[in-house]
Amino acid sequence: MADIRTNIAGLQMVNPVMTASGTFGYGLEFADLVDLSQIGGIIMKGTTLNPREGNDYPRMAETASGMLNCVGLQNKGVDYFCEHIYPKVKEIPSNMIVNVSGSSPDDYAACAARINELDAIPAIELNISCPNVKQGGMAFGVTTEGASQVVKAVRKVYDKTLIVKLSPNVTSIADIARSVEDAGADAVSLINTLMGMSIDIERRKPRLSINTGGLSGPAVKPVAVRCVWQVAKAVQIPVIGLGGIMSAEDAIEFFMVGASAIEIGTGNFIDPAISVKVAQGISNWLDCHHLESLHDIIGII
Amino acid sequence: MADIRTNIAGLQMVNPVMTASGTFGYGLEFADLVDLSQIGGIIMKGTTLNPREGNDYPRMAETASGMLNCVGLQNKGVDYFCEHIYPKVKEIPSNMIVNVSGSSPDDYAACAARINELDAIPAIELNISCPNVKQGGMAFGVTTEGASQVVKAVRKVYDKTLIVKLSPNVTSIADIARSVEDAGADAVSLINTLMGMSIDIERRKPRLSINTGGLSGPAVKPVAVRCVWQVAKAVQIPVIGLGGIMSAEDAIEFFMVGASAIEIGTGNFIDPAISVKVAQGISNWLDCHHLESLHDIIGII
Amino acid sequence: MGNMKQCKDLKIVAVEHPNDGYVLLKLTDTEPLPAVRAGQFVEIKVDNSPQTFLRRPISVNFVDEDCNELWLLIQIVGEGTRQLSRLQVGDMLNVLFPLGNGFMQGVAGERVLLVGGGVGIAPLLEYAKQLKQVGATPYLLLGGRSANNLLQLDLFSKYGEVYVTTEDGSMGEQGFVTNHSILETYNSQLSTLNSQLFQRISCCGPKPMMMAVARWAKQHQVRCEVSLENLMACGLGACLCCVEKTVKGNVCVCKEGPVFDINELTWQI
Amino acid sequence: MGNMKQCKDLKIVAVEHPNDGYVLLKLTDTEPLPAVRAGQFVEIKVDNSPQTFLRRPISVNFVDEDCNELWLLIQIVGEGTRQLSRLQVGDMLNVLFPLGNGFMQGVAGERVLLVGGGVGIAPLLEYAKQLKQVGATPYLLLGGRSANNLLQLDLFSKYGEVYVTTEDGSMGEQGFVTNHSILETYNSQLSTLNSQLFQRISCCGPKPMMMAVARWAKQHQVRCEVSLENLMACGLGACLCCVEKTVKGNVCVCKEGPVFDINELTWQI
């Protein structure tokens, strides 16, 4: 059996498959359907310093081989997370990672500082690329200055593994990646969703309450693979790849272009057990190709 | 019958459906299969000052609801076009438009100047967004300075309708659109392809000869609709929308967010007669909704 | 745990086409199907449909414990449901279920009016059955555009009295469910709860119809629950796409619902 | 014009499964099918296959003028071809055809060796028929991994002598087509063209096999044409995706080909 364990900046994982923020709840929602201990890491839904109601309904539209969403970081805030959710998730035998978002560098830092105190949370994923919130979110992720500013603020107060999630809605994602590496990020994850829009021509209105939303699913995979390839060549820190992964073969494309781990997002909606199936499939593929370790294919392109 | 004629900066069209450059040859290839006089405009394949061999095979990869290509502007050059192709296409009863590309502003200008002499070519589409050529191409389309520079150079020597095709691979497509408007463009068309990549994991190599290529097809439609919506709000000149249009309903989404005309690209590969069917479908949809003119829905969102 | 969520391939044992607009799929499994509360739903994976990427949420129409069958009554509206209507006996269908919370548990002796409109009628069949099983008395008020939107009336009548309205008058009283005479009579009475035909309402159908019923219930101070059909992706409360504004803020219809007491909602009625 | 391109729904009149790996579709139309040159191909629209976005190019296997039938012999390799193998008699299939240029027109009296490998054998059946029709003599050298890759041999034998090689020796001579003894004997002769078994070669199959045949032909100064299978999108010469490097530069296989004289190509042989 091939060795598919991986290590992201000190984060030890039984396999390289993580579940993407906002697509797997807090893990608990899927407990009936999949063995959570067989998932390399679970990135919980976006958490902010203060509670957020998110955007109005409708928040979702199905598109060709994908979907748009504009949830807008609905969450009960970091205090609620620490008091009510953390006690329930801290026993889950996987890497439980919090996705942190905010409206200002101080915001991000204050939230990250709270999470830093939680022993059972080994890492955070900094979301500087959410296309669905007015202030903050993607605003920071589309300029090297903004990205660097947020990462520096968080790095000061957060001493565990710091992953930064990047937006593909930029002219050069490699430049953004370099800036967050220089600012102290331990790893980058990409891609967040592509900004898109869909129209209900009968109602003559956008399908989403805030007009635009984030596109995800197999439709975006080619863009995601390209971005991971560009970023992996640009930075020294580990790269986590995501975007439309529905199978082990999809995941292997990301490893070959330089990802050390991958996240599955929208795929969880189609098959709640997809993460474990993909992990198993990666192991099988390596065995079939007489490869001893996942590391034999990482970055070979 | 609803009036679906449209006018793009002086370019009169029997209907708002054009065929996108590189997907419909010179029109002649489709003469057996569709009545060319029923197409609003035919944008012929990319033409450059000097002949180009394009990129090596393989140049294409199928993806979820779309395809990647890296043709790389293969063409015999503007002189060959003027001497051998123009005589054949000038009798085609549609708006025969040349897509012009180059490696430098002078390049673009010299090519445009030659086309300017051809009476039966009422317009050109300036391609500053081709992701598949080393120098030039997208390089100009991703900065306001570069885009403006090329458009100004061409505007000096070209006095007919000047359409500029924009790249979605930028942080703010609205900024690029404003810069080409200020530089003298008569209209903008968008989106060109999204830069993507696909891996053949068995061969452990990219599927495309130059690694990356341009993604097109229904997969990109949500991104295209979003870009047209942003640009239509940013500029005064007409906007031509394209990206994954496969039906009249798809086209109507683009009109509602501000497009005055649309282009069909990849769809021509699935159904060679799609352009005429979409034009007819637009007319039918307007009739069913008791609308007298296409202009009743343009930009209503 | 009998009500644990599952995601598995169920075998199609019957495909019925009551009329062009609907298909009734009867599914079974090699092991006993999990307990399903009336009002819960399933998420179906639709194969061979390029236009269909996400699962399709479908309410549970009926559970036949004796035959270990789960029935899904599906209205054919788009490409996805059309593909489902082409399924054949023996095909497998991947189903994620049971999802959400059902209607209120019935209590022996209570009288409940079940109001359904269009395909929203489907889950009320299982509910009528479950109410009768616990000794409650269901009354069924079913409305449709015309007679061929009113399916399974023979089955409904096994569990309770059936009242029908159609917009075109092709069956029962003409008009909307809220125009039906049993509500008129209720309206005219001033007597005590016990003498009323029913003590509470459970409703499933198009939103305008449910709002009309909710408005009527509010006016007459009758407890009323409605089953919502917001667009959803995961069905598990993870994606937060199907939220409804409630007195507790935005909540997931798939997890906190699909059934809500009208007092929990913020509908302007 | 008999050879104008068309894009239309053809009706499936027969679906045959020679074995698990292949499906033979026989199509017809209400009006006479256009003239097809052997070696031309069609582009098929594959429905109900989410993984299949583009049309699939398939060579014309045989044209039955009497029955107005077009035959397509398809190897089942991916999701798209698997969907095609599920088609039923009576279904319609959208076909864009006839595309490309065929093999050389035959001349009365000439002797032509047709070399086919794997599914590349398919178009040679129509070519053998057309050669015989004009009074030429086709010889068929067909190779496959094993016997079940060699289909329609009974039909081939109606048009010319059939020589077979299989890699596993399960039929005919063991080895590759280029190892077959008829090439050996050719090799050993020094006599004039007329006394040779054949005067030219037309070849269709996997690229390595075609290169081997081309190499042999070059060595023995025998004219040779090969049919290429480059990945393509439009099939009309518009997208420029299927280009092959030739002495004239990059040309579209779909429009200038798929058949090329080996001297037009830049293969290193």
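By letter and in written order, the chains are A, B, C and D; residue numbering begins at 1 in each of them.
Assume contacts are C-beta pairs under 8 Å (C-beta built on N, C-alpha and C of every residue); 3 or more make two chains touch, one makes a residue touch a chain.
Keep in mind that what you see is a predicted model, and the values were worked out from it rather than measured.
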Excluding chain B, groups that stay connected where the other chains sit: one piece
Intersection of contact partners for chain B and chain D: none
Identity of the chain that, by mean CA position, is farthest from chain A: D
Chain A and chain C: spacing of chain centres that average the CA atoms, whole Å: 36
Chain B and chain C: spacing of chain centres that average the CA atoms, whole Å: 48
Where chain D touches two or more other chains, by residue: 50
Multi-partner residues of chain B (each touching 2 or more other chains): 61, 63-66, 217-218
Touch-based graph of the chains, sorted into line, ring, star, complete or other: ring
Touching chain combinations (by label order): A-B, A-C, B-D, C-D
Residues of chain C that touch chain D when the two form their complex: 48-50, 83
Sites on chain D touched by chain B in the complex: 4-7, 45, 50-55, 96, 230-245, 249-250, 255
Chain B residues within the chain A interface of the complex: 61, 63-66, 68, 142-143, 169-171, 194-199, 201, 204-206, 211-212, 215, 217-223, 225-226, 229, 244, 249, 252-253, 256-257, 285, 297, 300-301
Touch list for chain B against partner chain D, complex: 22-25, 29-30, 32-33, 45, 53-54, 56-67, 69, 71, 74, 217-218, 266, 268-273
